[in-house]
Amino acid sequence: MIIVMKTEATEAQVLTIQKHIRELGFKDHLIKGVERSVIAVLGAVYPELIDEFAALDGVDSVVRVSKPFKLASREVKEDDTVVKVGPVEIGSGRLVTMAGPCSVDTEENMIETARAVKAAGAHLLRGGAFKPRTSPYAFRGHGEKGLKILAAARAETGLPIVTEVMDARDVEVVARFADILQIGSRNMQNFALLDEVGKAHMPVLLKRGMWATIEEWLLAAEYILSHGNRDVILCERGIRTHETATRFTFDVNAIPVIKRLSHLPIIGDPSHATGKWYLVPPIALSAVAAGVDGLIIEVHPNPDQALSDGAQSLTPANFEKLMDQVRTLAEAMGRPVAPPIDELEKAVKTS
Amino acid sequence: MIIVMKTEATEAQVLTIQKHIRELGFKDHLIKGVERSVIAVLGAVYPELIDEFAALDGVDSVVRVSKPFKLASREVKEDDTVVKVGPVEIGSGRLVTMAGPCSVDTEENMIETARAVKAAGAHLLRGGAFKPRTSPYAFRGHGEKGLKILAAARAETGLPIVTEVMDARDVEVVARFADILQIGSRNMQNFALLDEVGKAHMPVLLKRGMWATIEEWLLAAEYILSHGNRDVILCERGIRTHETATRFTFDVNAIPVIKRLSHLPIIGDPSHATGKWYLVPPIALSAVAAGVDGLIIEVHPNPDQALSDGAQSLTPANFEKLMDQVRTLAEAMGRPVAPPIDELEKAVKTS
Amino acid sequence: MIIVMKTEATEAQVLTIQKHIRELGFKDHLIKGVERSVIAVLGAVYPELIDEFAALDGVDSVVRVSKPFKLASREVKEDDTVVKVGPVEIGSGRLVTMAGPCSVDTEENMIETARAVKAAGAHLLRGGAFKPRTSPYAFRGHGEKGLKILAAARAETGLPIVTEVMDARDVEVVARFADILQIGSRNMQNFALLDEVGKAHMPVLLKRGMWATIEEWLLAAEYILSHGNRDVILCERGIRTHETATRFTFDVNAIPVIKRLSHLPIIGDPSHATGKWYLVPPIALSAVAAGVDGLIIEVHPNPDQALSDGAQSLTPANFEKLMDQVRTLAEAMGRPVAPPIDELEKAVKTS
Amino acid sequence: MIIVMKTEATEAQVLTIQKHIRELGFKDHLIKGVERSVIAVLGAVYPELIDEFAALDGVDSVVRVSKPFKLASREVKEDDTVVKVGPVEIGSGRLVTMAGPCSVDTEENMIETARAVKAAGAHLLRGGAFKPRTSPYAFRGHGEKGLKILAAARAETGLPIVTEVMDARDVEVVARFADILQIGSRNMQNFALLDEVGKAHMPVLLKRGMWATIEEWLLAAEYILSHGNRDVILCERGIRTHETATRFTFDVNAIPVIKRLSHLPIIGDPSHATGKWYLVPPIALSAVAAGVDGLIIEVHPNPDQALSDGAQSLTPANFEKLMDQVRTLAEAMGRPVAPPIDELEKAVKTS
């Protein structure tokens, strides 16, 4: 931590701060510059100290030097984390795809979709049983009934399930059915929920808050990691900006930044990041080119009859076409798409 | 709802959409323009229809005409809502102030602060027992112990308490001690929590999400209102923008916009909106000038020893000075500060 | 400047950087921390060094310690700059108002508006002869003819004129007619234009770019100041954010931040910051409460026949009402509105 | 244009508006809804009408139906515009690359860089002779001397030149040396400059303003097009958002949105969009995957000695590596990189 003094700070103010640093058990180091003095603070500084020192007389600003996240940091763990979900590995260098409808509707539709996305090469099935909705009057999901429909589709196809949990009280029931617990964008800083999924013994997909900096996102992951759950997958799903032509702005920059700062796998969600089905393919491809470990994509057999987010869902036919493009692109980049789920399953059994 | 067709849309596409509108039980109205056709949809349209129609062939865009929030809307309830908290009325045309530390620390400190803010004219005591923290390693509040300390300070001073609840499971315990349940910025779209405080029979202070549009904020209020709890107080606390000189940007525009769109009272939080104690007074005054019904301000006897947010806390002396300025300004604007709590209490008893 | 090394930086990398610092003529100062080393660079560092060092091997980040603006800084000039425009002083502690239509239309209308705003107590007349328009098909102003109409209105009323210059080539002609040269938001980083008005010997009103940080804004002022023109007035006119309910977000926080960082006067533009006439009065009052030195407000006798920005213009009657409120508020805050222009004129003559 | 009335609007207010519409020469069409009335306005509506009607009594909001840009719109010109620069075609389906230093420094360096980027396969040479700089104290380019150095490098290598013009007065001199006139991000709404390059008979590279919506960007292009200059190339270079880990946020969504709305070619600038050289390759690849027609990339032989933006410049070796990846990716996507400049030149001659 570096404390930058005001140009007009007095020597007495500098001394007071040095004394305070030592009282707190840290070492101080004074550097007199041309315009002003700065004081380096040495030791295991915690985030709150910044605010504390910034409030002192004579201080202009306080600059943090070390990163506030630890377990999520590549400085602490150098090699990539690989999250295993049944026979699927996320973060292993082979691209993984998750697909399915925004909301679970009927069992019939869900099984139809599951079969279609599996046929196109998807590795996991997505679908919302508990839905966060901006308006209280919108459809909010079928709850446990929806989870059972998802489980039926998994039984039918072998695809593991990723589904959202919105309430700390529901972690237990969702965990009973799901293979990956999804934390939605609006809950990225629902700390009670982060604590609860941190205690669950299963993978967590942590979507970025639409307002969050990359640092805040990694600190949200740190909440989960700090409970001993190391199976965190990050998901870039678009941030809120001034642009109104798209629902959100897909922050493609975040992908290589995360790869540099953290060992955690990261996937891209082009459906929510754009809000428009015809923008999903180019943005999915851009995410792959930028280095994601996977994609999560909304697919619905009849987008215009979907219970939510129909406008951003691909038809199975369009998803199949996209998967072909993704395969070609991923192959060309030397990070191929993982083999189909049945082959992965077989490989696990024979090994 | 207005459906704008593409310039190149065919007559068949227009007909398909008209048919679909009628199947759903709405009336349609076709207008042929110079460049393109638009179709008006008449009836009680629900938000999801927008996505549904936007996905259809030939559609350029879909425009909503009616507001998605109802109970929060001034179109539905014309006169201002007044929320009563003990003898205090919020939204009555007399300005109300809430003050206290960010986090509850010791009972001694809390009582000292409570006395100081009461002496300066504050009407409610704020303090966090459950604290949302960006980092899992920061101090997260004393929990129920903190609530008891707040209750002790209320017993001592008569000031009602506003304190945050972060977890749907804690609503019951917080409700037992608090007079107003506070929903923090990061939880503005924690729908499980909104549902739960909607069911509580007590006032709720709903802070704006730092990413939220005014419409999303009013929809979050609608969640609470839709459960029959009509005592919602809105709180503008700054939005996230590109500016880095301040922690957030206080959206002062939102105050008159809310007053126009909604009957709910709105207060301002200059402490979080700026992140710096020396910016709190001017921003508090600007909020009053723009028409807020109250202020919530962080005050701590020793800001540099505060367990959180020390940098944005006023000393009791600075708070007293600010209250004098607020009184003068509010008086001049014809919306005076409410009398001290003891007088309000007496007035209630004698009435 | 502080160079923060990566945790895994080698001693050789640290040495290379120290050598480079000395070669450039600066002093270095190494501090070995628990996790990593940091190197302080002492001397008159220039902004580009940050990029230069950030690109070197082993460097994690580079932190600037001193402010990049000098002449605009309160550290360099402690007391407030007062800009004189005829008999009017901006920044003297007495609030000044500028009012008039967005675009100059007919001489008749302009003189009518000038008389009306003067009667209400305005000190300067605003009006656009050269108009920046988002669309090439919108009305772009009457140019020199408009300047002449403004001059006629000044002759009639004695109100000095503030009007926009958009092109470095027009500085000479606009300067011939105007009393203050206005730089619009979209031109805040039109450096050729900044240079040109820096060379003009007259006051400049510098609107904040809707994208600009406060630091970039002060650096734009620095451009003008660095040419020897010290008469710069800043104008907060709203920044672009995610909120769509208003045209821009009035950054009221910026007012006290500017007052702390700079000696330059600052005024508020509630008309552009909101885009809606009914939001202008509350935001004007909030700006006054936050400490502006003046206001600039759009007034048009027939807003619905205005050639541009009718939706955000006040009628003369509404402006008069607002001026009454501003006077009351400013008086209460101990920073009264300056006397009417005729009195100021008289005071100058008799002194 | 659709005028949405307030729920409480009177019949008289509706009639007044209908009358006003007809007076202006348009047709009106009244639709009475469940909650409120809306009035469709038929005819060649111009943008200012929105403000005009929004200000009328009883009006809630006004919704535009047609797009405000015309010449830039795909509705007006369906097939892709191909911009020819010497033997290079931009927008033809074959990817084009522009590379070179941020600022022109010495002729020796420039020729070295030109040779290096040509050897790696670049098709155009970029370099700044006139540099927009946030601080007046930073290096602002060599001006005409820099243009001559660029011309020398073109003579040596055959690479056409793209270079920025910042001032309407410099268009003539820059046009004498350059093959493409570049409009920088900060000048996207410098309308005087847009008019001037619109009158020049040569290609213009229009960078997106960091604050601009896609619609405003296309309207800026419309300025140039409306003067008869049809050779406009758009360039996405990152928008300003709340994220601080990168200098800007590369709006990859904008690429397919532009492709849908407009016939103009679009290229990506990963150097400015990220501000960090190690993020340039993944973002360049993501732009290609999203469908750009070209890339513009900063390359400098010694990034840590660059006169500006060293931190975001690739070394020639890194650029060569990136070009290999781009070629592989573009090939895989069926939109290959254009052949080297010498081959293009030869093809032109033999045809």
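Letters A, B, C and D mark the chains as written, and numbering starts fresh at 1 in each.
Definition applied: contacts are C-beta pairs under 8 Å (C-beta built on N, C-alpha and C of every residue); 3 or more make two chains touch, one makes a residue touch a chain.
Not measured: the values here are computed from a predicted model.
K.L.:
Pick the pair with more C-beta contacts: A-C or C-D?
P.N.:
Result: the pair with more contacts is C-D.
K.L.:
Need the most distant chain from chain B, centre defined as the mean of C-alpha atoms.
P.N.:
Checked the centroid distances; the maximum from chain B is D.
K.L.:
Which integer distance in Å separates the CA centroid of chain C from that of chain D?
P.N.:
Whole-Å distance between the two chain centres: 27.
K.L.:
Centre to centre, by mean C-alpha position, how many angstrom separate chain A and chain C?
P.N.:
Going by mean C-alpha positions, chain A sits 40 Å from chain C.
K.L.:
Counting only residues that touch at least 2 other chains, which ones in chain B make the list?
P.N.:
211, 240-242, 244 - these are the residues of chain B that touch more than one other chain.
K.L.:
How about chain B: which of its residues touch chain C in the complex?
P.N.:
So the residues of chain B touching chain C come out as 211, 213-215, 239, 241-246, 249-257, 260, 273-274, 278-279, 282-283, 285-291, 325, 328-329, 331-333.
K.L.:
Which stretch or stretches of chain A touch chain B in the complex?
P.N.:
The contact residues of chain A facing chain B are 46-48, 50-56, 68-69, 132-140, 166-170, 186-187, 189-193, 209-211, 216, 219, 222-223, 226, 240, 276-277, 303-313.
K.L.:
Using the touch definition from the top, list the residues of chain D that touch chain B in their complex.
P.N.:
2, 4, 7-8, 29, 31-36, 38, 40, 42-44, 63, 65-66, 75, 240-242, 244
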